[in-house]
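These notes open a run of structures that come right after.
You will see two complexes here that share subunit A, one where it goes with subunit B and one where it goes with subunit C.
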Partner chain A sequence: MKKTTILDLVSRKLAPFMLLFGLYLLSYGHMSPGGGFQGGVVIASGVILLFVAQGVGTTASLFPFRTLSLVEAAAFLLLLAAGLAGLAAGAGFLGNPMAGVDVRAVPRVSMILVYNVLIGLKVGAGISFVCMYLFREGR
Partner chain B sequence: MTEGLVVWVMLAPLLGAVTALLGKLLRPLQRPLSILGTASLAVPAVILTLLLGPVMSGESLRYALGGWPEPYGISLVLDGISWFSCAITTVIAAAVALFSLGRRRYEAGYFFFLLIMVAGMYGVALTGDLFTLFVSFEVVAVTVYVLIAWEETDTGLAASYKYLILSTVGILFFLFGIFLVYRDLGVLSISLISRALAEAGGVRNTRFMHLALAFLCGGIGVRTAFIPFHTWLPEAHAYAPHPISAMLSGAMIKVSFFALVRVVLEFGGTYLFELLMWIGAVTALAAVLSALAQSDVKRLLAYHSISQLGYVLAVFGAGSALALTASFSHALNHALFKSLLFLTVGAAVSFTGHRNIHRIPPLGRTMPLFSAAFFAGALSISGIPPFNGFASKGLITTGMEGSAAYPLLWVTSFLTIASFIKLSRIFLPGPRRAGTTPSSGNSNQGSVPGILQTSVVTVLAILCLGTGMFGGSMAHGLYRIIHGTAPDAIPRLFSAKKLLGVLPAVLLGTAAFVGVSTQWGRQIAGRIRRMAPELRTVLLFFFVGLLVFAVVAY
Partner chain C sequence: MKSGHLLTVLEVALLLLTALFLLQALQGPHPESSDVRGYLVENGSHETGALNLVTAIYLGYRAFDTMGEIVVLLVAVTGVIYFAASRERKDEEDHDS
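Then we have the complex of A and B:
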């Protein structure tokens, strides 16, 4: 496949900003447009840009196959744990365990932040993983 | 307190799936973690047993996820129908998971998908609102796509792809139905919809709700696989790995059927009963004719799944309280004997490496316990006393008394016998010599099933016999679970009249088998086999089916 310098350069300059923007969407999803899923997809699109422009081999050294799958599995586990935390605090499954805590000590919204970050990691890792697999198969 | 247990029914398989996923990542621990994941199915079993008491007294337990009550949040509802649906899922899933543990080729990743699928099926059973129902259907579907293609055979991949396309079309119908409901009523919770419709004076007095009902029925219909939405099923069930076939035929289509029952009843769609009864009866007959024509053993069983589901649907359409019990009891019995049949026949297929009825050598001497279990299943599906098929078919006869659609079911019953006479040749005791071991040099050939697999099929066979012998008390209990009250009278199952009624069916069945074996019969069978519709014809079927529902609902 023929690759131009423009694509090579732009993708390397653009991808970090895409990842950063994805993280921004994750972490501000509870108070501005965005959220876990959207942030995760933006992160994944950054990774996919690198796959497309730099090739799977180069990118896989930055985001190894095994790490992505570990992140995805861990995020799944932690999501369930976050749901169970609500159950343990007496608010029911997926309830907010902070509901009984003093608001000035721990903001209650922090639970949404936790969910957003976990969902974002899971979606980002999952979509990048799927695309990486497809690109690798295609070769 | 008891309400709090409901969520654990769904949580336990999810946690089990996580352990299986960890097993996939930590290679050396693969086996113990898969076993641990399977063990998580014990939790729903225990909880459902504990909650049987409240359910039998007609309570419905509600659990609001995250503490958000009904119009805003998601709530889980455990009433009679969902208890029964969960119970079938648990029994079949446990049998299938244990059977799969017996074969080393299924790794931790397989158990991950299996357990997520089970969690999705619990979701379908327990959910209290339409949108969560949609999500749960999709969770089940996504895992099923993967599991059908798990062994990466060409046929499996093609079947998985076909199922992907068709079930996506189906679920879009469903989603459109949800859109209509939300647009006009502004609620998604099934109980609130039911109340809103009652206030509006029934589905027919609203402008669009009959259309919504038709779309919802069509959408679930694709999952439940009755005519004309059945076309994906034979391939998907026939070319999936054997335990997955058992799971799909045994539990998945039942769970969707219960969702259909819930939607129709809660929408007050009793005027659809006539249509459902005729669809059921036609499905039963048409599918059994196709089954009789098949020579691929698993395809034959897959067509029988459609046919038996036709029975379940037809008697549901008869509408009385007893008919509903008969329908559910046949659903349970079909789940037991069909998973048993798929597991035994699947074992024969992987043992010999052949799928064609005429190429599998008689295995009666090689796998005696499997053969015995197979015959228990075959006698059950044929409705021979004292096995469970006889019990629920007896109830169906009573439930459909005087209905014009019943003769179709009666014809179906002897054609079922005919096709199982045809299938049973693979488990007959063959000649007593070395020829009974399959010819060497066949690379597909597997080993004799292990102790775990044998005990699973033995337990299933005993369950088939037990639910048949105690069919009367089973029906009694079922009636209480569904309706919350004790029945006035359950008809006697083993009366002399009913026992004698089996005789002509067996004779006609044998005659039909002989008829199919003749030159002329084989030609017709070949013609039926070649009638497989193309994809665009199938989509046309879907729309015709939808139109029929819409017209009748209007």
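Then we have the complex of A and C:
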């Protein structure tokens, strides 16, 4: 398949901004429309644009399969740990351990921020992994 | 050719019917306020700290549901890797024999 200059150039200029926008959606999901799932999918779409235009081999040197699967698994385990932190604080599994703390000291929303970032990393890594794994050529 | 036309007409009719249903649903009275809805609108942002009520619900009150969705994604990724890898193994065996 012939690669056009437009695709090559646009993908390289656009992908960093898509990744950045995905991270923005993750970190502001508690204040504005967005959140973990949406931000993760935007990050994955940036990765998908990269490997559709530049090839899986080039993209895999930037986002190696091993790293993606590690991020996926680690984010899930951290999410479980965050849920258990709620249990340890007496708020129940996945409860908010900051509920008992003074709001002025630690914002109550920090737990949701942690969840959002972890979910976003996990969704982004997982969907990028699946798409790259299915698209890779020659094994 | 004839059946193709018939199919197109059916599809358009189905779409129009769907639009009609959606219009009815959107024009009808919105669900009357229940206790839960009133409580969430009143206390949701304060209790979880999230200004975005959707986030307040799916990561605050229904975090367990979100955990389930995460597990679904994890299982999906695992399944893709498993089936892709098993197909590769089969290919290699075919090459060997």
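Here is the rule we go by: the second predicted complex is superposed on the first by the 136 of 139 C-alpha atoms of A that agree within 3 Å, B and C clash if a C-alpha of one lies under 4 Å from a C-alpha of the other, contacts with A are read in each partner's own complex, and residues count from 1 in each chain.
One rule holds for everything that comes next: a contact is a pair of C-beta atoms (placed from the backbone, for glycine too) under 8 Å apart; a residue touches a chain by one contact, two chains touch by 3 or more.
Computed from a prediction, not measured in an experiment: that's the story for all the values here.
**Student:** For A:29 in the superposed arrangement: first (subunit B), second (subunit C), both or neither?
**Tutor:** Touch status of A:29: second partner only.
**Student:** Quick check on the superposed pair: does A:70 touch subunit B, subunit C, both, or neither? Answer first, second, both or neither.
**Tutor:** The first partner, subunit B, only.
**Student:** Is A:133 touching the first partner subunit B, the second partner subunit C, both, or neither of them?
**Tutor:** A:133 sits against subunit C, while subunit B stays out of touch.
**Student:** Looking at A:91 after the superposition, I want to know if it touches subunit B, subunit C, both of them or none. Which is it: first, second, both, neither?
**Tutor:** First partner only.
**Student:** I want to verify the contact counts: of subunit B and subunit C, which reaches more residues of subunit A?
**Tutor:** In the superposed model, C touches more residues of subunit A.
**Student:** Return first, second, both or neither, reflecting whether A:9 touches subunit B, subunit C, both chains, or no partner chain.
**Tutor:** neither
**Student:** Touching A:20 in the superposition: subunit B (first), subunit C (second), both, neither?
**Tutor:** It touches nothing on subunit B or subunit C.
**Student:** Same subunit A residues contacting subunit B and subunit C, which ones?
**Tutor:** Shared contact residues on subunit A (touching subunit B in one complex, subunit C in the other): 69, 76, 83, 93-96, 99.
**Student:** Please give the residue numbers of subunit A that touch subunit C in the complex, ascending.
**Tutor:** Subunit A reaches subunit C through residues 29-37, 69, 72, 76, 79, 83, 93-96, 98-99, 103, 107-110, 112, 115-116, 119, 122-123, 126-127, 129-130, 133-134, 139.
**Student:** Please give the residue numbers of subunit C that touch subunit A in the complex, ascending.
**Tutor:** 47-52, 54-56, 58-60, 63-64, 66-67, 69-70, 73-74, 76-77, 80-81, 84, 88
**Student:** Of all residues in subunit A, which touch subunit B in the complex?
**Tutor:** 69-70, 73, 76-77, 80, 83-84, 86-87, 91-96, 99
**Student:** Which residues, counting only subunit B, touch subunit A once they are in their complex?
**Tutor:** 4, 7, 11, 14-15, 18, 21-22, 24-25, 63-67
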